[in-house]
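Shared between the two complexes below is subunit A, which pairs with subunit B and subunit C, respectively.
For the complex of A and B:
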């Protein structure tokens, strides 16, 4: 059975250490936590069920005294289904099955008004390996109303696709983060952060036809978050991200999440997210060369070594997610939750930039079950 | 672009310490201490969602460093 990395579109739940901590983090958490979480993901295009992912995961946070905390997680993905070889064409769809294991570990030292974390992560698929390290530091003001964050990450990937189109290709990425959290009022806290990632190496999707991308990619993002406490004990969490890169992609992402506690330890959280992006400047619409036919772009023969990609994810589109989460806190530090999200991506939903016509919409259903215990 | 302006002005507002606002005192932080008011979320849940989005969309970043890669380019 062919196993297809590039079309494994979803390899959910990669290790993602080095997340920005909140303000006022000057001593280790008072209790440890152990969490189990299960993800079920399924996406489809009209007439074709595409990718199915099942991913159990485990997370442990273990504080030692008031000065240290250690955490680690492990995720196992099982991905199967079919994916297009170019654009949203389903005629060339191939079946595949892949499994992946990802682990990460993080150690944090807490100082008076400062923290320092180091982390390491790895991910292993049969045709893709990734190893990452990161270090993140925070410094808070004396009144704990302001927290600065600085972060640095280094990632090395090696790629060995089963079709041997390349052998032992590499990708090396460095990323940097600058963040600031600020308490504004007794009911408002904001966070602004900027990340910059500079990668060099193999960015092609080895399982897509006619896919040739630049070997350098620099990505920048500015993310602003605002949490607002509302009368009635609920919280409105909003965020806005602007993104740009050297592929010519611009993106805007807006998200709203309302957290409302009910009685008996039950909390509900409806959420909505809108994302829109422009196309990479080497993405080509599904209009093919009259001589060569699909999937070759117009003019391919006159420049066969140019940059091209028929990857739908590099096209211009808009996407909407509607989600709902319910959680319940129980005696003994137990908490259980369920979350469901419905995601749809359409070229007609783009907000700005020229569209990318001729692509099928993509729909995904994402379900999660979580159980955790404090100790 | 409106959103860029929003993001930048938000950042600038934060950087200037919002001089028009009076610093929040420790005894006024009861609401800020509620879990939903912190920017910390369930790490597994956040990673699942972040990875779904970064593998279905060509846009990522903003919330962390050094997460490693995957074969979902």
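For the complex of A and C:
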């Protein structure tokens, strides 16, 4: 029998259901939050520094009474660098610089065992505008151990690339979400969700040569998550996700995240994620037509209006992300955090199958800094 | 047993779990108080009915009926409580045992009879948390004749649940008192603490200490709740699961803790720890007020 200290009794009592107004009970958050974040993303391939993104953001959560909460955020992205014009070719890379401004607003009404929230978001770049609305509802069981989530979103995009390859193109997407969260034991919470998105319109990358994708895209994913509380207050979060779409991509993602509180309000969380996917059925390998040369795929002339894409994101590959986050809570409701992720994508890392040949590996470093205050 | 000293603004008295109970609240309107108090009392009664060993339709009755036979399906709340009682068993090195209630078949506090050693020896093999097979969604008592009892935590759990219902209804001032186990909802309307007196274990009209609280809980375990005196000895209802005999070291131990369910567990285990009680409470970092058999009071703020 493992020896448990008497002080464990209080923490065990705290875990009993319905004794303290719980964080996931359906009432508005007790305090507001204002947080400032800075994100930096940088990716590269051998011989080519690709995209650099720097994105400061501001987020505010503002509860009104016990029944309402409003939140809003604003992000300013600055994107610069080179994007390859086909496959991972360096020679065709085009330099670019762009800024993006994104805002979103969300209002949530809390009922006795339910929540209803509506949100709106927009994002503006000089060649891409996006507007979205969403509605999400949750219903919890009487013991708060089971929560159902139902969500719907609608997004309208308009695309005006600077090269005028198309003018005023549109894309319209509808998203659906069905989720279930279940407390299994005092130490285990499982979540399952299914998402479906159905889009119609312009999906091409206007800056890639020979990029012609179907104008309808349906994407589905099933996500299963398991949060397991370990002794010593740490939490092991694991998840797996299966994704499929009508482009022919099948993807699996496995993720593990360990959240470990240390003393003095410091929490560390190392994480690792593995993603593997098959290629879209119109993705073509970097094998070019002998007459036309790169970037035209083999047999392009016999079907010049067919679907083709050299986009590396539609290829078959495996990718690993390793991350580490450290945060510190301080007096007065202040919290600071720092997160670093290292991402590497390689054809050879595809699981149980061969990846797309002829592509360079892609690496990315993502750094985030955040400072927040409760009020 | 703890007695509120200052008269609360609004008191609703009721009887549940074999004790005198009350919900004391202050709120903006009489109507809000009534609605909230009724919801809190309903919750206490729900728990009493669900976990009573005297009712044939209770969860406990179903588990005990199937002892030595089958695993019984349990809901999440019951699983949580069983899991918690498992923690108590471990944290008390086996002294808190939710299967020790079977000893009531030998101890008859009404007729003041000390059971024979033979009677106790017949029951002791049926006591043992290690014979409780707790799985996801089911529980099984492995030995035929075993009995599970939620009595050790039910009342305090109900006090906390009722207090939480009041908090969730927006009540910020008041407390729930179930037979002396108190869970505070919030301070008096003017922000000052409630003052609770701790009953003298031998003189119901006297208090041995008072406790001021704006939040948290207070629970007491004592040798004066069910007992008989015989030949100069007090035989109380708190029984050592290893011997089947009552504990004798303390007249009462009161615990101040953030939750009544934790306070009650600390108090019961401390009574069972006998001579080691105070060391264990100090190690557990718990505030207590205890009176020994000589009438000396010990406390830790």
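Observations on the structure shown:
Here is the rule we use: the second predicted complex is superposed on the first by the 347 of 375 C-alpha atoms of A that agree within 3 Å, B and C clash if a C-alpha of one lies under 4 Å from a C-alpha of the other, contacts with A are read in each partner's own complex, and residues count from 1 in each chain.
Criterion: a residue touches a chain if its C-beta (ideal position, glycine included) is under 8 Å from a C-beta of that chain, and two chains touch if they have at least 3 such contacts.
Predicted model, so just to flag it, every value in this text is computed and none were measured.
In the superposition on chain A, A:154 makes contact with subunit B only, while subunit C stays out of contact range. By the touch criterion defined above, A:130 lies against subunit B but remains apart from subunit C after alignment on the C-alpha atoms of chain A. In the superposition on chain A, A:99 makes contact with neither subunit B nor subunit C.
Of the two partner chains placed around the shared chain by superposition, subunit B and subunit C are both touched by A:185. Of the two partners subunit B and subunit C, it is B that touches the larger number of subunit A residues. With both structures placed on the common chain, the touch criterion links A:177 to subunit B but leaves subunit C unconnected. When both complexes are overlaid on chain A, the residue A:66 reaches subunit C alone and has no touch with subunit B. Once the two complexes are laid over each other on the shared chain, residue contacts for A:143 go to subunit B and to subunit C alike.
When the shared chain is aligned, subunit C comes close enough to touch A:27, but subunit B does not.
Look at A:193: by the touch rule set out above, it reaches subunit B but stays clear of subunit C. Subunit A residues in contact with subunit B (one complex) as well as with subunit C (other complex) are 5-6, 8-10, 12-21, 143, 145, 183-186. Contact residues on subunit B toward subunit A in their complex (touch as defined above): 1, 3-4, 6-8, 10-11, 13-15, 17-18, 21, 23-26, 28-32, 34, 36-40, 42-53, 55-73. Residues 1-10, 12-21, 25, 27, 66, 143, 145, 183-186 of subunit A are the ones that touch subunit C when the two sit in their complex. Across the complex, subunit B is touched by residues 5-6, 8-23, 35, 37, 39, 41, 43, 55, 57, 59, 71, 73, 75, 98, 100, 102, 104, 119, 121-123, 125, 127-128, 130-136, 143-146, 151-155, 157, 159, 171, 173, 175-177, 180-187, 189-197, 203-205, 219-227, 229, 235, 237, 240-243, 247, 249, 251-254, 259, 267, 275, 277, 280, 313-314, 319, 337, 339, 341, 343, 345, 352, 362, 364, 366, 368, 370, 372 of subunit A. Chain contact summary for the complex, subunit C toward subunit A: residues 75-77, 79-81, 83-84, 87-88, 90-91, 93-94, 136, 157, 160-161, 164-165, 167-168, 170, 257-259, 261-262, 265-266, 269, 280-281, 283-286.
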